[in-house]
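Structure in structure tokens, see below.
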Amino acid sequence: MYAHLFSFFYLAQEAVAEETAQAFSLVALSNQLINGIGVVGILLLTGLGLAITFGVMRIINLAHGEFIMLGAYATFWMQSTFGMDLLLTIPFSFLITAAIGALVELTIIRRLYGRPLETLLATWGLSIVLQGIIKLIFTAQLKYVKSPPYISGNLTLLKDAQGSPAIAISYYRLFIVTIAIALLVLTGYLLNKTDLGRQVRAVTQNRDMAKCLGVNTSLIDMLTFAYGCGLAGIAGTVISSLKSVSPPMGQDYLVDAWMTVVTGGVDKLVGVLAGAFLIGESSSGIAYLLNDPTARVIVLAAVIILIRYKPEGLFTIQKRG
Amino acid sequence: MAQSTIGIATRSRTPTKLGIVTAISFLVMAILPFVVGSFQISLLSKLLLFGALAISLDLVWGFTGILSFAHGVFFTLGGYAMAYYLKLNLSAENNTYGGSLPDFMVWNGLTELPWFIAPLKYFPIAAIAMVLVPAAFAYLIGWFIFRSKVSGVYITIITLAISSALTTFFISQQAYTGGTNGITDVSKLSIFGINIPPNGLYWIILLFTTFVLVGSWWLTQSNFGLILRSIKENEKRISYLGYDVASFKIFIWTLSAGIAGIAGGLFVPLNRFISPVYLAVAFGTQVVIWVAIGGRGTLIGPLVAAILLGQIQNSAERVTQDWQLVVGVLLLIVVLFIPDGLVGTVQKLFVRKQKPVSTKQPAISSN
Amino acid sequence: MSKKYESTLLNGISRRKFIKYSSLAVGSGILASCTGGGTSSTGDEDLGENPIKVGVMYSTTGSIAIVEKSLQDATFLALEQINTNTGPWEGNGEGINGRKIQKVVVNPNSDWDLYNQMSKRLIDEDKVVCVLGCYTSASRKSVLPVFEEKDSLLYYPVYYEGNECSSNVFYTGAAPNQQITDSIPYCKENFGPKGFFVGSDYIYPKESNRIAKAELEKIGGKVVGDEYSPLGTTEFITIINKIKQAKPDFVLSNLVGDSIPAFYRQYKDAGLTSDKVPIMAYPTTEEEIQAMGSEYAAGHYTSFNYFQTVDTPENAAFVEQFKAKFGDSRVTNGVMEAAYIQTFFMAQAMQKVLKEGGELNTETIREATRGQEFQAPQGLVKVDPDNYHAYLYSRIGKWQEDGQAEIVFATPAAVQPIAWSQTLYPGRVCTRPVPDTRESPIKETGKTLQVKYLEKT
Amino acid sequence: MESILSVKNLQVVFSGFKALKGVDLEVGDREIVTIIGPNGAGKSTLLDAIVSKSPVAAGNVYFQGKDITNKNPYDIARMGIGRKFQNPNVYNELTVFENILLALKGTHGILNSITAKLTKTKKDKIIDVLDRIGLLGDAGTIVSSLSHGQKQWVEIGMVIAQDPSVVLLDEPTAGMTPEETHATGEIIKTLARDHTVVAIEHDMEFVKQIAERIIVLHQGAKLAEGSVEEIQSNPKVVEVYLGREKIDDAA
């Protein structure tokens, strides 16, 4: 059956070889969509921190990408200095970026609550400063982060006639998805089922009331922001071994992370998952049928249209007017 | 824009002082080419254009409250219109491939000029396109987003997405846009057969920026400006007074894009290339920073900030390789400690000195 | 009453305030333009009398810094050697005829706009005699009008797409025929006829791939895929998937910058191995291999003029001196070597001018640079006097587990540069008259140029 | 009496919650109608629905015989319905004069706003409005520095300047001292000479001062309608304000 498909595919390919176009194949498309999960994982991971800082706290953090970068450099530093395994560096990377996040909240963000546009400008300045500092410490060259050797190879779901994998996804991509979903569940639990989470929601919904009820709002603000930054740090750690590590690396994730969060809707964590899934899968699907740049343009245009008609995102309950 | 000149003349209170000071400033700037070196002139020309771009953003952000990261896009669209004109008028001898087809089109396998680019060979068409293309694009966007419930931060995110999508699009359409390189190796600007020397270009740019500044000031002093500021403060309320808020937003947005487009168009003969680098979010952010540092809603502030920051950057670069770190720190300082921007703060100090802040006593007026 | 209202009627910017601020704007403009006149001195080194000012323009921040910082390092090394009479310059005395080189360093922050602005500054304000710099085609294109208009010189050290022959630029990196022409037959013979081409979405990869495609088809091969990703992309799932589907014999990669480590890692991670589908790349060098981890590159190939493993005494010295200056962990690569040798081309030309009693300016340096030879780390190289590109070796390296290349192919001598691919534009050559009149140098000879090697003179 | 504003079976729903359950209302030309009712009765929602601030789920609003249900707010305003909101909804960053100028009746187009000049007629009109609301001396004051009561007047002034056929006032005296409240009552009375007024009020003294006809809303529906005396003696109304002896105290 698949052999048939493949011979058909080869015939078709001969026919269009002049144009070097890719022949359409169901198997390859399914492979593409399965692998799209890998993109979804990265979007989810990079968007999660933003779902906290923007979704919960309404802070427009343009330095979000730089916290991802900080996570990657934290891992690089720990690997090159102590020879630590990537997995082992995850908690430390979280703590380091969260600590930097807390510091930033104390010195900058705190002064700007309720002034979203100023926050936006300040965090842009912060992103320039963070990049500059990292460049001063680690130089501008690309850095090498070793991936964990025990997470390698591919999970083969389907083989073709020749016995080579037709549908396969790399274990590392699956690992990223797993981490991302685990963090999502953990965050959801913290936010909805714990006392601390209830305080966080109380503060973000009605600061003054929370203060009257004895909640230490400034501590909660700092912790929440630090947690969001810590999540970005974990994202940086995990993707560092699959991608490139350099001071401006965070910029690549910023726009995508924003689109992810906005598409799904910021009020519910599950919105991030939905946003990541929609953007990741649609961009892989379109990229397969057309090409990467076109896919990006189409997906961005779709997000613009979506914001236009549903600015509150796909997964938000209609509020009372 | 034509109305503004008529407007000034017909205004009941003729601003003579303003006219004199503007004229003096203009003259001082105008004689600079005889005083400073050619690098400073070309740098100032560029910064004046960036200043005009910043003023155009101030109209929509400072006055109307729409924060846009897409103003670099309008600037660049105007730039491309002019760049096509200059590229298509490159003499065959200077064209690496002879003939009339631009080199990047040859590389990308085009055999004839696309119909939508061909008319730009003629100056009047290119000049109109320079304003019309960005304005029309802005009108479409404005029509799409301002007639909806989208507001605030989400509009800003949309402009981010537009800038990002268009950058990718222009890069991917290499055969028509020159890709990452953009349009390079363009001819020098000549209008009706007369070559424009660098100083001439500087004067044209100075004239343009002065015109944009005075025109914008005049516009914002009118009832229209009052309405814009009301939209910024509370756009819902004013619709119950009978104003169609969306159409006002679309109008100023489109007008501002047109100004940005002309600035972009004048930028090309100066820099002799245009590329997607000016479409990108980074450049759009730069424009936002000029307005923020200069002071929103002050018009002159963004212009001052663009010139000042450009000069600071140029000077800081001589001191340290990591000059953008200096710029980043500067931005943080301004946002944290002088939130009204440079000019905005000076203005506030001035106002406070002039008139003590009214107390909020619940006085009952006599009936 | 009405007067009172009038003054407060429209609470925008009052006219008086407007006047104040306009004056402020003008003032700041003038002030700034007057203070901007100084020249940056770099370092405290004693440069003696009448130093020669040379601009060094590489981004040390921003997205391209990952490559350009190394170019700056290599350039600094060469300049130091020239000023201290060491390395290849030993025996020539400190500096050039006793005059040391003063480097004027600028950092355009990976922004094409600033390349343009800063090149103007270097030429007009700092009055440098020439500039060493640029990496991407886009940055070169953005400064080209400046150098041409002001008739100054740029030494450009990067392999590029060709199709250019300015009398204001010396192209010391590989022209297409020095990198592509030998690699394509090699791929077909050793891997098979089916190639899958990938690249970053801009002019160099596209033009390079177009030339490579023509070369491959000419010898009976076939391109089974041609894919581009936006510059700076680090997500390659789709392209790798398409490669898997097309089942090529080899992949030709023209990805650049931070895309390179990401691509190789995801390539291996997706289960594609170098023994089945090897990657032949142009821009992948020792530096990127180091950044991605050599295990990801082992078994893949790169076609370049220079590898750190090139076995010449000059290279051994170069590598040693570079590591001594910048650290033992650093590697050298082809682009850095080009940045290094072009500095010596420039120095030799200046020396020639000064020895002949001439004055250093664009015209004299240009004429003196034409035809300069230099015993480079990669072997003997020369500036082509006709088209201002450089005779360079063509080599193919196979990456080993240690991150270094085993050289599996090398031309017997440096190859003559041809600015226009003869496969695409047969017979198009660039010949500049002596002295250079700066007129269009392009000639259509109608017959394909044959490969010529540099002969020892 | 012919109705200038007519509301038929109006329903407004917020995510399943019925804020208005089919309200009918007829307002005659130059009539003063006062709407009272406990909190959450749907008073403000009724006014919101008339000017399209809240979407109408069912039913219709007619103005001068034309159906204006769910029309654009600015169209409704241009047709001649002015609205004053519960909390003073004025422009704090502008001067009193500018607030009135914004509201001034006239064309509201873009080109017009650019070319319009401050003519003598306009200035006189604004001065007249300022005089009526007693803020003539504060014309150049930035609104944010005014007292709460003064801000209420500014907004009433805006409505006067708008010169609409129908004026909808939502608690025009909220937060005012008794003196201010009385002054406001007088302003509204003069307003009613040439305008139709629909006002929401809590202050019964004030209602008595201005009202011709009272409508009582309760839980999104009309409970009673009539003159001050009729309402005060209506047992249903008394029951709604439970625990209170007299409606006079209802606030």
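Observations on the structure shown:
The letters A, B, C and D name the chains in turn, as written, and every chain counts its residues from 1.
In the analysis below, a residue touches a chain if its C-beta (ideal position, glycine included) is under 8 Å from a C-beta of that chain, and two chains touch if they have at least 3 such contacts.
This one's a predicted model, so the numbers in the text were calculated from it and none came from an experiment.
Path length between subunit B and subunit D in the touching-chain graph (shortest route): 1. Looking at contact counts per chain pair, the maximum sits at B-C.
In this assembly, the C-alpha centroid of subunit A lies 50 Å from the C-alpha centroid of subunit D. Put simply, the C-alpha centre of subunit B and that of subunit C have 33 angstrom between them. Shown for subunit A are the residues that touch two or more other chains, namely 132, 135, 291, 293, 296.
Counting partner chains per residue, subunit C shows two or more touched chains at residues 10, 60-62, 201, 228, 230. Among the residues of subunit B, those in touch with two or more other chains are 168, 171-172, 226, 229, 322, 324.
Looking at the complex, you find that subunit D touches subunit B at residues 51, 53, 72-74, 77-78, 82-83, 85, 89-94, 98, 101-103, 108, 110, 113-118, 134-135, 137-138, 141-142, 145-150, 158, 162, 177, 179-180, 183, 186. Subunit B meets subunit D in the complex at residues 3, 7, 10-12, 219, 222-224, 226-227, 229-230, 233-234, 236-245, 247-248, 251, 357-367. Here subunit A touches subunit B in the complex through residues 60, 108, 111-112, 115-118, 120-122, 124-129, 132-133, 135-136, 255, 258-259, 262, 291, 293-294, 296-297, 300-301, 303-304, 307-309, 311, going by the rule given at the top. Touching subunit A in their complex are the following residues of subunit B: 67, 144-145, 148-154, 156-158, 160-162, 164-165, 168-169, 171-172, 281, 285, 288-289, 292, 322, 324-325, 327-332, 335-336, 339. On the side of subunit C, the complex with subunit A involves touching residues 60-63, 65-66, 69-70, 110, 201, 222-230, 232-235, 237-239, 241-242, 244-246, 258-262, 265-266, 269-271, 287-288, 290-293.
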